[in-house]
Amino acid sequence: MKLAEFIISPILAFIIGIFLMGLSRRIMARIHRRYGPPLMQPVIDLVKLFSQRTVSHGPIFDIGVILSLAGTIALILFIPFGGMCPLEASGGLLVILYIMLFAPLGLALSGGEGANPNISIGISRKFILSLGYEVPFILIVLAVMTYYHTISAVDVVKAQSSFHWALFSLPLFLPGLAYILIIPAMLGIRPFDLASAPQEISSGPMAEYGGKYLALAEIEHAFSIFITIALFVDMFLGGSGNVVYFFLKVLVVFIIGLLINAVFPRFRTEQAVKFLWKWPSVMALAGLVIVLAI
Amino acid sequence: MAERELELIFGPQHLGMVGNLSISLNVEGDTILSARVNPGYLHRGFEKLMEYRNWIQNFPLVCRINMIESEPVEMVYAMAVESLAGIEVPERAHYIRTMIQEMSRLSCHLTAAWAYTSILGFDTPAQWAMGDRDYLLDLFEELTGARVYHIYNMPGGVRRDLPEGFEDKLLAFLDAVAGRLPDYNSTFFENRLFFERASGIGKISAQDAVALGGTGQVLRGCGIKHDIRKLEPYAAYGDMDFEIPTREGGDAFSRVLVIRDEMVQSVSILKQCIEKMPSGKVYEKTPNPFKWKIPKGETYVRVESARGEFGLYLVSNGGNRPYRAHFKTPSFVHGLVILEKLLQGANIADVGNIMLSLYVIAPEIDR
Amino acid sequence: MTNNKTTTLKEAKGSILTPFKAIKYLFQKPHTLRYPFEAKEPSLRYRGFHLNDWEKCTGCGNCADICPNQAITMVKIEEIEAKPGRRNERPEIDYGRCCFCGLCVDICPPGSLRLSRDYIHIDHATNSFKYIARDEKTEAQSFVPADTYSVLNASLAHRKADYEGFVSDLNHCLFETERVHMPEVEAGERKLSFMEQVIGYNREEARKEAERCLECKLCEEACPAHMKISDYIDAIYEDKPDESMRKILEDNPLPSICGRICTRHCEKVCSVGIRGEALAIRWLKRYAADAVRDYKKAVEQAMPEPTGKKVAVIGAGPAGLSLAYFLRLRGHNITVYDALPAGGGTMLIGPPLYRLPREAIERDVSYIESLGVEFRFNTKVGEDVMFEDLLNEYDAVFIGIGTSKSRSTGIKNSDKCVLALDFLRQNKLGKGTKVSRRIIVIGGGNVAMDVARVALRQQNIQYPGEETEIKTVSLEDWDIMPASDDEIQEAKEEGVQFNPAWGPEEVVLDDEGNIKGLLCKKVKSVFDENGRFAPTFYEDQKMLLEGDMVIEAIGQAPDFSFIPEGLFKELKFTPRRKVDVDENGMTSIPKVFAGGDIVNTNLDAITAIADAKRAAQGIDNFLRKED
Amino acid sequence: MDKLVGLLKGIFKDTDGESLGKNRLRVTAPRGSVLAVLDYLKASGFYQLKSISCVDWMDENEFELVYHVASMESPLHLMVKTRIARDNATFPTAIPIFKNAGIFEREIHELFGVEFEGNPDLAPLFLENWKEIPPFRKDFNMREYVKETYDSIPSFEEYQWQKEN
Amino acid sequence: MDRNNLIKWLKEPKKMGNKYSLWAVYFSTACGVIEVPPVLTSRWDAERFGIIPVATPRQANLFLITGYVTTKTLKAIIRTYEQMAEPKYTIGFGSCPINGGMYWDSYNTIKHLDKYIPVDGWIAGCMPRPEAIFIGVTKLWGMIDKGLATGYIRYRENYDYYRGNQEKLFGSMEWPPLYTLKEGTNDG
């Protein structure tokens, strides 16, 4: 049973991630007053990307991409959803915090081979941005862990069963809100898409990706969408034992993130960091203080 | 320091580059140390081509200097030829010209809105602006027979009279645009992030703006009330009642808001045009194009394009084709002098931001 | 738009919450046009691919000339028959060049070239972008009916039928459709004397008129003499009448005459004239001739080496004069014989003074004379000098006698009538005839008009202030009347009465033998089914036209009486009773050449000049071959 | 306008002014005094250099430089002209007077080949690897050049045909 | 998605993927680009067919050459084209790249684009309207289906010719050949 989860949970995560990617394009299109692509479009894109002849820039380049994807897939295994959590026993939220750094590292590794100035700028932006959101993120996770006195994500979910959602509990309301604010930053969407910023640095780290590499990066992106949102659902919306419910919760949160995406332009790097350290961090800190106080 | 210095080529193949232009940036981290604009990707040698074509053959040619807003180019050419050949344009043609100038200003500003917002990564208003502009292109098509290159303001007047029911369609469009303005306001112009991104960026003092040859929004964004339409009214602008919007900031924010306010004024001018439109003929026949010779002489004419003063220095040596034509395009100075200056010390995230707030259009630089 | 709500922004720094208003569009229907599932028609004026009505297109090539991109080339189409004024060339458009500006539409004189609203052509082969535009009416395979049309396979060869977009508009076309008004003496004034009716252009007017020329050169093909019309008009536009004269004199030695009475084959085919008024080519030629005055000084004609050959020319009409001129310029010695006291031939007697003053003729003749052509006036060949002698004495003989004999109707009492040429000759060379108060002119041609109008003037001179009348009778009805429309119009203005479709039957005399009137019968038809002249009449419808003088102006015939009978037998004629000449202008008698009205059927000066030009070349070749 | 012409004539030798219709004034100055005229004009309120045009009068073997200057307040537009020799054309730069003159001079340098002394940046602006005479000169035969340069390159069909034969 | 489409997907996923996921390299080569933003934005919305602009040529497989090409741009175009991943498709817009168009006698624009890089389809017009661009894309689909959109293969196989022409125009080139050149045929 556990073994099956090792396979099913990444696959489900992938399906949901891809679906969300398709959906995001539809929803954005609607706000743009247009129809947008079919929901299947990301899959079509993947098929195409995999069928392309691809230029490699050396073994490190390849390893970086794979590392990034592997790290993300590994991360899935630590996240409880739909009653599944293949690696629930080992470390929980702390491990998640740790593994989350893999993906940007992988990108940095492969990007370094690309010899394109846009990439190095993009990567430095990515790290600065991570610095921006990691601070509130750690604070949020800390607050959650402290509140529920556990480092296990599964336990956090369990503690919130029967609608004792953390988001609506007084101490964790502020960290929850802070999490919503940093979701765009974690997903790399507006107003925090400065790392990829196509109009500024030609999609930054991905500038030299093409074909299969880009496909892998897209898959990684699909996973990370899922992970980011699933974490929120787990920590603040009580997760769910049912895949469908879980998915619905993910959907709602994702759409909220999308709406932020739709109505703001992009931050400049220092503005982004300033914002992230100012509002979400303060809110998360306040939450932590409250949690510690009670 | 030298180690961390990177040379970054911005464009020509670049999502952030509207038009085919390239800027090489010397960057350190996110800061630009120096910038050098490298134009010429669109250089076709228009002024040379014009020397090979006769007065009428040049008329479809010149509008291609600026694909986004071809009207002012057609207009200066028509005005220059009229002034050299001494042609009087019928009154109605003046009004129609005013109308199409303002339509094209509106269309150009909407394009600018698209470009500017998408440079900021803000797709929503960008998509709206481009979508709304398309209805204007439909109107252009109705009036002139083409969406982009209208080839309509010809020496002697305009090429065809207004089609039936055109005024009503235009009015309907203007009302629709006016109805959409609150959306643009709330989503974009009143967006805090737009303020954050644009205010203080690309700041230029009024003195510098004048000394470096700035026109249009560059001056008006510094609080200088300068507009050829008022300074030296051409077409029917003398009869129109409008204001010159200005802002004091001198930064991208001010310039963009000036553009916005100008759209409001354009809508008002268009409505006045429809109201006051006189009847009569719209085209004073010019001599047969194969024989037409224009007496020796020279002239400089200028109009206020969407981006500033658009001028044409036209010399005739008495032949059937121009002896020399030289366009004074707003983007030439804005793009090659002011842009380079403003980019110094700017953040690389703001290259497109500054470039588009200066309203730089590459083909106009290259010609 | 002017209320505060929209013109001013609420907050200087903006807000972070208002942007969320945009989300309302999530719940609204998008405005996207779902092309190609939803189509959108291009506007009525759309400038798409070309259409060309081959029936209307004259192949003038103006579109190719105006195209700033040289996208249009004129391609020969074998299936079209070329004739003067209609070339068998049609424009081929290269869509690898075309910029869809529509200048070609605005310059197209017949308005045959239009732009359609089709604009989709996508292909991987660049050569498929060249296309000979042709109308949907004639080319079914390219143009499909609207119901079988599909945008998905639209191309140059798959287009909607009858889908016109940007079309020509005479108010906005690039050429001037209206002629510069030619000042004329008013009808009331001109009928009182023989003053020249047409005043002529002044410099400004001539330049303005010359400016209208599109230089398509259709006229040059239509002109029998193939004059370099565009060139001389261009020279007039450039304000260089001398240069213009030089161009004219290359092909036509009689600019002053032709500038007044030319039958204008050119203007009939003029591009501009298809939808507007044709260029006033004749008046421009007249302007050039009048502006120059002294041809010799203006042209500075270089004379070639004399050849020592001698050519005799019989008749100093347009044909004879031209032949003398052209041959003289080839270095031959020319002698011209004419029975009249001055040069000009038919021109001298035919066209009335108000149309062709004598000094105009003299100017042309004296120029030819100044080149060294010898004239023997008042010398009738056959009487004063024998034709055989000429044949012996000269290396070649040219007959350009024209039609000097008026035909008579031959009806009862027609001997009482006056013949047209006699009447005209007396009025031009002599003192003028005594006319009566009521005159009947038989004929509907230009000569009849001339006669009628001359007679009218004589009446006005001889009976000033009295009531007079002048009537014409012609077999032909209005629609087929051979006289030109201008002539008829002017005659009407001056007060000539017309009786078309009546045939003369008898000149009615009173008891004293004076003419009382002309009995006419109604014409049923003029031509038979083969188009030959064979009038039929309603014998029961008759009318008596009252008048006391009848002039017959029904046609002229040549007078070959000077040729000895033996030789005359050798002279071959065509079925239409014209002298048969070969491509060199030589008749069936060796050494004898012919031209002018006795050869061609156009019966006008310019054709005579063309004949002379051909004969001159022929004679020159003939003479040089002899050596 | 007349007053300005009078003033200019008074101060600078051989300088002439002529009105070209409404709000246009043509000032002709000899080579030596153009920059001084410009300086004077700037001091009297014509702050902005709009453009510099160059006209090639090949028949007279001269280039004509036209400085377009205007003030911000009045609609008057001045064209200050001077003629310079066409062979080895040189002219002092106007950068000390108008800061933006450099770019116009760079354009003229590229398209006409006029050397502006004192201008630090005369690098090619539009063209790359240009080997002919400057293209805007009247003796540059554009159509001939196009024929030689672009039409000499074989099309794909020609290449295939060549390969097969 | 109807059955036919499904079968096609199962049979030839590569082709179908390429067809319905055309990512255009965003390069405003010339004036024709003015009709591209309308196509991509809300009024016409090319994203319905999966067409989006992407930032770098590495990610793109559709190259819209929008209008006349100056020599300087041509260099950038070739560079961009060579960076794109195969299979890649090019569409030429308007008259100018076909036979010079408006600028047939300009000294700085090339007259026949297909002498320098392969072009899979041409759209007539100056400029091609959005509708024409859509139809152009459908035609490109048809060509991909039938295996006719093989410009990139032509480029690879006749690289001597293309590189030769490029060198003829530019003199020397700053970057090394993409494919190995056959010997002796370098002079085009």
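Per-chain residue numbering starts at 1, and chain names A, B, C, D and E are given in the order in which the chains are listed.
The rule is short, and it goes like this: a contact is a pair of C-beta atoms (placed from the backbone, for glycine too) under 8 Å apart; a residue touches a chain by one contact, two chains touch by 3 or more.
Not measured: the values here are computed from a predicted model.
Q: Supply the minimal count of touching-chain steps required to go from chain A to chain E.
A: Tracing touching chains, the least step count from chain A to chain E comes to 1.
Q: When you check each chain against chain D and chain E, which touch both of them?
A: B
Q: Mean of the CA atoms for each chain, then the mean for all of them together: which chain is nearest?
A: That would be chain B.
Q: Just the chain pair, please, that has the highest number of C-beta contacts.
A: Top of the contact-pair ranking: B-C.
Q: Please identify the chain with the largest separation between its CA centroid and the CA centroid of chain C.
A: Looking at centroid distances, A is the chain farthest away.
Q: Using mean CA coordinates as chain centres, what's the chain A-chain C distance in Å?
A: Centre separation, chain A to chain C: 86 Å.
Q: On a C-alpha centroid basis, what's the spacing between chain A and chain B, in Å?
A: Their C-alpha centroids are separated by 43 Å.
Q: What's the distance between the Cα centroids of chain B and chain E, rounded to whole Å?
A: About 29 Å separates the centre of chain B from that of chain E.
Q: What is the distance in Å between the mean C-alpha positions of chain C and chain E?
A: Their C-alpha centroids are separated by 55 Å.
Q: Tell me, which residues of chain C touch at least two other chains?
A: Within chain C, the residues that touch at least two other chains are 19, 22, 30-32, 34, 42, 68, 99-100.
Q: If a residue has to touch 2 or more other chains to count, which residues of chain A qualify?
A: Touching at least two other chains: 29, 31-35, 198-199, 202-203, 262-264.
Q: In chain B, what residues contact two or more other chains?
A: 14-15, 40, 43, 45, 48-49, 52, 60-61, 64, 124, 127-128, 131, 149, 187, 191, 193-194 - these are the residues of chain B that touch more than one other chain.
Q: Mind listing each pair of touching chains for me?
A: A-B, A-C, A-E, B-C, B-D, B-E, C-E, D-E
Q: Could you please specify the touching residues of chain D with respect to chain E in the complex?
A: It is residues 126-129, 135, 140, 142-143, 145-146, 149-156, 159 of chain D that touch chain E.
Q: Spell out the part of chain B that touches chain E in their complex, as residue ranges.
A: Interface residues on the chain B side: 12-15, 17-20, 22, 40-45, 48-49, 52, 60-61, 64, 67-68, 111, 114, 126-128, 130-131, 133-135, 137, 147-149, 362-363.
Q: For chain E, which residues are in contact with chain A within the complex?
A: Going by the criterion above, the answer is residues 1, 13-14, 16-18, 20-21, 23, 41-43, 45, 47-50, 54-56, 58-59, 61, 83-87.
Q: For chain A, which residues count as touching chain E in their complex?
A: Listed in rising order, the residues are 25, 29, 32-38, 40-41, 44-55, 198-199, 202-203, 206-211, 214.
Q: List the residues on chain E that touch chain B in their complex, please.
A: 25-31, 33-35, 37-38, 40-44, 53-57, 68, 70, 72-73, 76, 79-80, 102-103, 105-109, 126-127, 129
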